């Protein structure tokens, strides 16, 4: 509800931080959004064999308004880049981004006129996962690392790891 | 429609749960009835054809994987067959059998993902999880032969990347016994489910003439009753030695496509069984110095082998000038490669005939007069992969 | 690649085409099992109609249209390869035609005959800039509408971008054409 | 003095029921995720608390602290009101559902119903049909076409099924001869006297309509994920979205409770105290909901209408007629 914006700066909120971070990391709802090959491995991760539901993450929201985590799974073409940016903007704060696979992270093997050389050119990325495509275990590892990262955040104040929040 | 009412334009995609990636379809709606559907493509345009002109012949193979990423081995096969034809290489029998075995496995792989996502679009959410569970078995084989779960790059010009692993038999046998049981389960869940039948019969109808006019191939064409399968029409990689049937449909609607693909999966299992049992002994690549790298032990001991190895991986190999078109029956339809060579070590031009791209043309005639839900069913039953549509 | 001899079926097709179009057919070649027939650009529409409707031909499937840019050849800038297939008889033939005009390449569209040519022609237009005349809705299909240039032309740069490492990570991306 | 005590009692009862239903909603989501997981050879939530039991709590806290987005094209006032309208009716029905036999506390007999209305069933029919306004308003006020289509679908669906839903209960009212739920429960004191055995068709129609009324699979067209992205709540985030979710689950719970009360003997049952029996029956119905979701594909919009108007409505009418004739003869 954006409560945190109304809290004055002088208030220290360790316990609240702890609880809120715990809830955020335990209920990361991913945005149901697939681009290319990695999207298939992402679905594999959601499916029975690997089962992301264990982390409370099976609630893929088709609408960006209800999602917390964007997994950019696959190559982002120059034509798609504005769309990805817009979808990211449509997600409510706080939001996190995982760049899944070589193509999303740096363009991968497609260094040419059509592909954006890394999705971090347009949106801030929290976790990069290498691989072409990454195995589901790698994706789960990336998510667990993201959860660790969320644990150390504060509900108020900027997030210094974010490029957009840097002064 | 009275003059005072207006039609509504609904933008389906590029981010939409049921467009299988980044397809964007602009629908013109009257209420929920579709008046026109215009697909907009290119949101996954990767420039693969252009990039191939800048790569040595063997370096193009990994890029073909990433076109139809549900059927990587089929893409590999089409490409290596074309280059082999241009070079005039005849591969050993074992390679042909292994290629047939693995491309049929790929067909299963692709059809399983199709089945799961199609069912998910219709609303049967459990199906996708069941299909992906069985798919893990197939990916195990991929991993065993190539070390990668999806992008195998296993077929090479003149043979295979490596010999088949010794434990492949057991893995294939497991698939051959487990998958038919599971397919029975799927059919119990879907085939006679009244809602499933209601949602698919009579939806997205195409006549044989319409399909041919629109250059549609693959299961989409076969569901209209045209018996066209390149595995029978122009056998490649030794398909003439295998005994299998081509299932065809009658009505050309979504339900027929479902039945055709399910039967194709059964036939694929049949072919795999024959390929596994008849797998001959022998080398896993042709002996063509200068094109096919020499065996690794030789590279370490023999001077000549080392030179060839070094030359192939730095300079590449030259392909005689000319052009050639080779098509294979990929899970989606006719997958063709047209390669133009100017006599150098890189393709002068590589054209891919993408089955999904051309089949997608049939979307507009299929959905006109239907409802929004039918559009989703039709997109699912065309079975597109955006990586291949946009390349 | 080595030439091979024509089969009687192929002889008949080449004969029928020569009879119908005379000078329009400039030659043919066959490598391995692939027959190509070279034709003049201006007959392409009539040829498509002939290919589809004449009892001697009856090619019901237009499998593909491919464009090739021969930038280094003086009098044939673009080559179009039409890939016709006859399901009854399992017969494939490539019809090849060249457009010498490098500045405003144009050719008659065969979309009215083979509706399946619609997107194929749009793709060739999108990638090579060859204009197809006599058809509606010739827009770019794959690349963004504001893209400047035609990607599959040989003078369009692949646009290689130097990868970022720790030593140049703070510099703006360097684009090599 | 007596007035004050009864007021306190009512407030207490309302609070208890409200809290129970809210908790029920939260754990209904847990049950759904866990059960769906097991239907699909998965495990469902496991990491958040034992058996993933804290999952709903985490979801709740997270949604509270999420940014609340108001789309620029939305109608702000209606956008705010809509989730509340969708949220409240599910809870209202519980006001008249008898939870157990009356208990005696401090010498006072306390009936375990928030309010023993003598027209309880009409009250329920009235409240459950209110929820659609929330959905329709949400669909319209979001300013998104997907939402609009979802809202329209929802209203059409509600109108079609409301008729058969109400009619399916008429034979039961004829048999019971009362509109009060308490009396209905009293009439079904043993298993054999359950109304479901006296008129199974009525239950069948009621249950199908109930699934459609609560917008659940296979009738979840207003929020059909693969067609309309998220339907009427596409543009909702944060607490407003969760109010829709809670509203949906509260509706499911209340419909299950009504089904248990009207057809399956309510809180009646051996050994255990009444409330436990009611809870057990409600859980059974919830499992049925989830089972449907795991099994069935989604119907198409026009097929849904056909089913409502051409099959269920005539059947319900015929059922009323036949029941009347049978009662007249017997």
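All chains are identified by letter, namely A, B, C and D, in their written order; residue positions are counted from 1 within each chain.
Just so it is clear, a contact is a pair of C-beta atoms (placed from the backbone, for glycine too) under 8 Å apart; a residue touches a chain by one contact, two chains touch by 3 or more.
Fair warning: this is a prediction, and the values are worked out from it, not measured in the lab.
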Notebook entry, point to check: Of the chains shown, whose Cα mean is nearest the mean of all protein Cα atoms?
Noted result: B
Margin query: Between B-D and B-C, which chain pair shares more contacting C-beta pairs?
Written below: B-C
Check: Using mean CA coordinates as chain centres, what's the subunit B-subunit D distance in Å?
Finding: 46
Margin query: Centroid from C-alpha atoms only, then distance subunit B to subunit C, rounded to Å. What do you get?
Written below: 23
Note to self: Using mean CA coordinates as chain centres, what's the gap between subunit A and subunit D in Å?
What the structure shows: 35
Next item on the list: Please compute the C-alpha centroid of subunit C, do the same for subunit D, then give the distance between them in whole Å.
Entry: 62
Note to self: By the touch rule stated above, which residues of subunit D touch at least two different other chains?
What the structure shows: 40-42, 225, 229
Next item on the list: Would you pick out the residues of subunit B that each touch at least 2 other chains?
Entry: 16-17, 42, 45, 47, 50-51, 129-130, 133, 390
Check: Hey, what residues on subunit C touch two or more of the other chains?
Finding: 143-144, 151, 156, 158
Check: Where on subunit A is subunit C touching in the complex?
Finding: 78-79, 106-107, 111-114, 117
Check: Which part of subunit C faces subunit B closely enough to touch in the complex?
Finding: 1-2, 31-32, 34, 36, 60-64, 66, 68-69, 81, 83, 87, 90, 92, 94, 114-120, 123, 127, 140-144, 151-152, 156, 158
Check: For subunit A, which residues count as touching subunit B in their complex?
Finding: 32-37, 39-41, 43-44, 47-49, 62, 64, 74-75, 77, 79-80, 83, 87, 109-110, 112-115, 132-133, 135
Checklist line | Of subunit B, residues touching subunit D in the complex | finding: 8, 10-11, 16-18, 32, 119-126, 129-130, 133, 189-190, 193, 195-196, 198-199, 371-374, 376
Next item on the list: Would you mind writing out the residues of subunit D in touch with subunit B in their complex?
Entry: 39-42, 145-146, 149, 217-218, 220, 224-229, 293-303
